[in-house]
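Below, each structure is written out as structure tokens.
One chain, chain A, links the two complexes that follow: it is found with chain B in the first and with chain C in the second.
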Partner chain A sequence: MSVKELLKSHGTPPREVYFDLENSPFVPKEVVEEMLPYFNKYGYGNPAITHKPGWEAYGVLLEAKEFIAKTICAESPEEIVFTHSGTEANNLAVLGIALKNRKRKGKIVVSAIEHLSVTFAAEYSSKLFGHEVAVVPVDEDGFIDPEIFEAYMSKDVFLVSIQTVNHEIGTIQNIKELVKIAKDYNPDVVFHTDAAEAYARLRFSVKDLGVDLVTLSSSKIHGPRGAGALYVRRGIELEPVIRGQISVEKLWPGAENIPAIVGFKKAAELAFDNFEENVKKMKNLRDMLMEGILDRVPDVLVNGPRGNLRAPDNVNVSFLYVEGEALTIELSLRGIYVSSASACTSRMLEPSHVLLAIGRKYEEAHGSILFKISRYHSEEDINYALENIVEAVKRLREISPIKGVKNE
Partner chain B sequence: MSVKELLKSHGTPPREVYFDLENSPFVPKEVVEEMLPYFNKYGYGNPAITHKPGWEAYGVLLEAKEFIAKTICAESPEEIVFTHSGTEANNLAVLGIALKNRKRKGKIVVSAIEHLSVTFAAEYSSKLFGHEVAVVPVDEDGFIDPEIFEAYMSKDVFLVSIQTVNHEIGTIQNIKELVKIAKDYNPDVVFHTDAAEAYARLRFSVKDLGVDLVTLSSSKIHGPRGAGALYVRRGIELEPVIRGQISVEKLWPGAENIPAIVGFKKAAELAFDNFEENVKKMKNLRDMLMEGILDRVPDVLVNGPRGNLRAPDNVNVSFLYVEGEALTIELSLRGIYVSSASACTSRMLEPSHVLLAIGRKYEEAHGSILFKISRYHSEEDINYALENIVEAVKRLREISPIKGVKNE
Partner chain C sequence: MSKMPLLYSPKVLEIFKNPKNLGKMEDASVVAEAGSPACGDIIKIYLKIEKVDGEDTIVKASFESYGCAANIASASILTELVKGKTIKEAWNISWKQISDELGGLPSIKYHCSILAVGALKRAIRKYYKDRQRPEWLPEEETPEEKQALEVERLIERLYKGLEQVGT
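Moving on to the complex of A and B:
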């Protein structure tokens, strides 16, 4: 079946609720409108060139750096480096430090549940330069035990990369404590945290955490794709991972994507306006969805922690005896758009390494569904989702061949 | 002076003509409008995920690949790989092949006037893996002499990277002939051409040229920033340069930037509609501007070839006894937006390596101005530009300290 035929047979459901904010953003109208002038009216020049549209672009770029720097309590706007995505920012952090250390032996420490752009970048450094990659395990909720972490530290560790908030199961890590342990062991170690999932949903200060490198991503906060950022503490030296003509950014070549950066900034402004209220709303909707599922659907496992150490936007549950991909499709037909950590959905060969790391079995990982909540969702959205989740899971369990292995 | 004060004192000129299409695009309304639904109405999902917005995105992505593949006579849409920029596509080509060959000794051949994202990527490969980088010289118009090129070939060359059209001086290289020489010498050599400056302005066929890898860029054809592409002939193996979660593209991780790709496709469609007419218009305006400058301003050098072997959109001249940056500013005040290869303007330490490679002296390179013509320009734009160029150059020569060294 062609994609066109597939979409034709799918049709448009009466109500649509988009929960797949993990994999791609819904960019709200007010963010898109903010971007529009920068395509052809104002600041459409290259910010490194000396003419009016270039200076306009330069001014806009500085303002975006200033705003973002302020939101994470960075000392200077110059510490914010724009890339085209969070994946690129993570690569710049991990490979940028690995490249700097390529002539020495040494160790990179990551957790077992990092985003693949950290994990794979670290493995790549190992392949290219022979660095050792040590993978710190996590407990059944995704937390790192500080004592276990400490056991992984040694004088030859030059880079630690631990996520602030996990992208799949929402675990909020105690980064400050881990930084302290790492720096006590070796003050020269570079500490990177991928905070793409934390930014604009948790308040944090890079100074307070003591981190050296922090990844942020526009697409994770309702901003457009095309902009990520790496906070690089003054004094930390990285090597650029790709090469070319430098514009304003010294660490990622090519002309900055000004419209995307403007959208990133606007999305951040919207999130930080009424921050506490936004977060409270997300938490309420999160709990409403999670409790609703647990109340109304039997045989469900919650993936990740519950309560205050879970990200306000994260709901991840495994529906036992259901295949995750089948459920994403069944829910899509009902206008509910989610993702699964099952192998087929994400076109990877393996199910989520995050779910396996917290001890989920393959079949449990395969039935997992990830919902990301945002302030753009309403209680009606959650109620509509709940009704349909109940029906969809019931239907699939009735017809699913997996049901038969329920008691194995 | 702050950027705001600078812009305030600059003011808005009565007429504005943007010629700096080399460094950043002006994205026309019809392209922006085409992109809009993909932010939040249609296809805003991740194309690798199994739900309606994801399938829509997947369909759109395939259509973009199909269209672009057709325009360069690729055999299959799968040979088109999207990145976020031409710089990234060049890095994927050069570093992707270099990484594949990292365990062997070998040579990369580039020309002296490649885009820096090729030159620097090749140099980086040399630094990391010890590959030799051989730089083929060009003549005073930027052409490679096939006999000289042949002298650079040897059995250990594994990659050749030569631009189809030079980005600064518009030289159209005889790629087909160079490919033949390289492949006759060694059929296994991979031939990459950066065709970002050629695409949608010259017709070419990857089959006819015989090339293996071809770089294209959205921002060079009035498309938005955020999308580049690499044609990868089936069977050519590359290693990804950055790492992470794979979506549809196997060679550049992260979610594809669908709105930018839609804009790229639309910009290409517009350029290929009435292709011959568009090109004819560009050539006429190009010649009108170039001849007008030569007629009306004394002491001007044309950089790059004249006639049919010059890109239809390229005007590059050196105004002697004038400092390029000063001229870009003077022209900006008059609403004419251009770039210069002078050191300061591009924030590089050295003036353009392209102009030095064709034998320009430092002071000649410093006075160079690059204009890129497009079908969106009119004869009135060119006349307005000519009037103001005459006045601006005259004014600067009257006050310039460089004038005094005229006869040195």
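Moving on to the complex of A and C:
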């Protein structure tokens, strides 16, 4: 079996629309061009070495920190720590604080719908240090009830990690309120929020939210892979979780990936230029796709909230009576690239923990499809997608032995 | 959720694009399914059985599938394989044969072809339920039937376990 043969059999569809921005970025030309000199012309040195290419690299690294710090209203660029991904930033946040607290018994509070890089890091801390991990449930749209959250607070909680926006169903959490509850209970608790899905789509200020640690990821904002960041509020102490030679970042050893950091910054600049307009465009396309699907395809469930508390780029629906992996392939043959959280697509043959946490039944998660909208999509893309979604679902429903009431 | 790289053979993709013997059969002699709607994966098999030269023979077969591409391709190949065969011959088709015909399935997808064989065996058992059981048909469940049932149970169990985790 070879990938080449598989791709040959697949063929290249006449038109292609990439909606799978959750799983890998589409990196626009402007970003790639900005990065190119840093491979071999300028700033290709190690930022910790005393020569011209090294100082150039250090210079752009500082500029990137400054820019990113400004966009989240951090007090100082020094509060931005570069990692190589959002996964690494989440691990640094959770395990870095857990390591600091390794000598004490204590509790980490997370939500039931965190990204696995938070969930698994918390579980790992429990395994390594015996910390208790408490999982706060969410309602059917993914929201945390503040009263339930408060019931999870106790004196032994040393870390709370709740994401700002959910990556699968787009729920926008009220972080400010949760921070207040946690800090009122215990001012020393460290509050981490994974804002990988919020950054550059929602405006937020770390000061206003009152958070201590914030995860950002380049690959979630049309930047390249290979760069992530953790905002670490001044005064918050973490221990590094990986070991090695320190270049610039004391908390994340290893030489910094300068071209990726440059791309990360450029991607953020592009998103923050015309911010309001970009977001408005995303929301319009999001609603056009979601409403179009609901209008034209029977028996569809929306996963996640509707309206203003849904991320501007998130469309997640379950097409009942069809299976998601088959649907991703059928759509791929038509040039529409999406992902599914169905059991058949997972290593464990189980549906996503996010869909189960909002109470979706196994068979409801089965036909789930995630679309991520970006400002690089056009109305024509959405129309093309809609036409093909209608056809693809129809074809797979013809194959399925389970028919909806309307299809019988 | 943890995803996996999943390389299908071009054959699976070809069959996925153009499955054979698709759909409900109105004049089927027997219909059976394997899988569980609760967990998702279902294969439904329709067989039309007639006496040909004194032997019970599958003259037509079709399927419906609520599952992944491997599920659809397995069911399609299976219906191709059994067409024109005596039931006795069909009884001996293994999931491995299906997987081989498909150019090899990724290991995590074996259960999809196991379910297809399970549905076929179930259909044959059902057919002989009110008829005299032929000698070649073992009275006891064979390991392959058990395996298909195991897959069903496994999925069911997983579902129950997950439901608790999810709430």
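Operating definition for what follows: the second predicted complex is superposed on the first by the 394 of 408 C-alpha atoms of A that agree within 3 Å, B and C clash if a C-alpha of one lies under 4 Å from a C-alpha of the other, contacts with A are read in each partner's own complex, and residues count from 1 in each chain.
Criterion: a residue touches a chain if its C-beta (ideal position, glycine included) is under 8 Å from a C-beta of that chain, and two chains touch if they have at least 3 such contacts.
All of these numbers come straight from a predicted model, not from anything done at the bench.
Of the two partner chains, chain B is the only one touched by A:G254; chain C is not. In the superposition on chain A, contact is made by A:N46 with chain B only, not with chain C. With both complexes placed on chain A, chain A has more residues touched by B than by the other of chain B and chain C. In the superposition on chain A, contact is made by A:E56 with chain B only, not with chain C. In the superposed pair of complexes, A:L116 makes contact with chain B and with chain C alike.
Contacts of A:V3 after superposition on the shared chain: both chain B and chain C are touched. Contacts of A:L36 after superposition on the shared chain: chain B is touched, whereas chain C is not. Once the two complexes are overlaid on the shared chain, A:E325 sits against chain B and chain C alike. When the two structures are aligned on the shared chain, A:G142 is found in touch with neither chain B nor chain C. In the superposition on chain A, chain A positions 3, 6, 10, 23, 116, 325, 329, 339, 344-348 are in contact with chain B in one complex as well as with chain C in the other.
Residue ranges on chain A touching chain C, taken from their complex, read 1, 3, 5-6, 8-10, 23, 116, 137, 321-323, 325-326, 329-330, 333, 339, 341-354, 356-357, 359, 361-363, 366, 398-402. For chain C in complex with chain A, the touching residues are 1-4, 6-10, 13-14, 16-17, 19, 22-23, 33, 37-42, 44, 64-69, 71-72, 103-104, 108, 111, 155, 158-159, 162-163, 165-167. In the complex of the two chains, the chain B residues touching chain A come out as 3-4, 6-7, 10, 13, 16, 18, 20, 23-29, 31-32, 36, 39-40, 44-46, 48-59, 62, 84-88, 90-91, 95, 99, 102, 115-117, 120-121, 123-124, 128, 219, 224-226, 241-248, 253-260, 325, 328-329, 331-332, 335, 337-339, 344-348.
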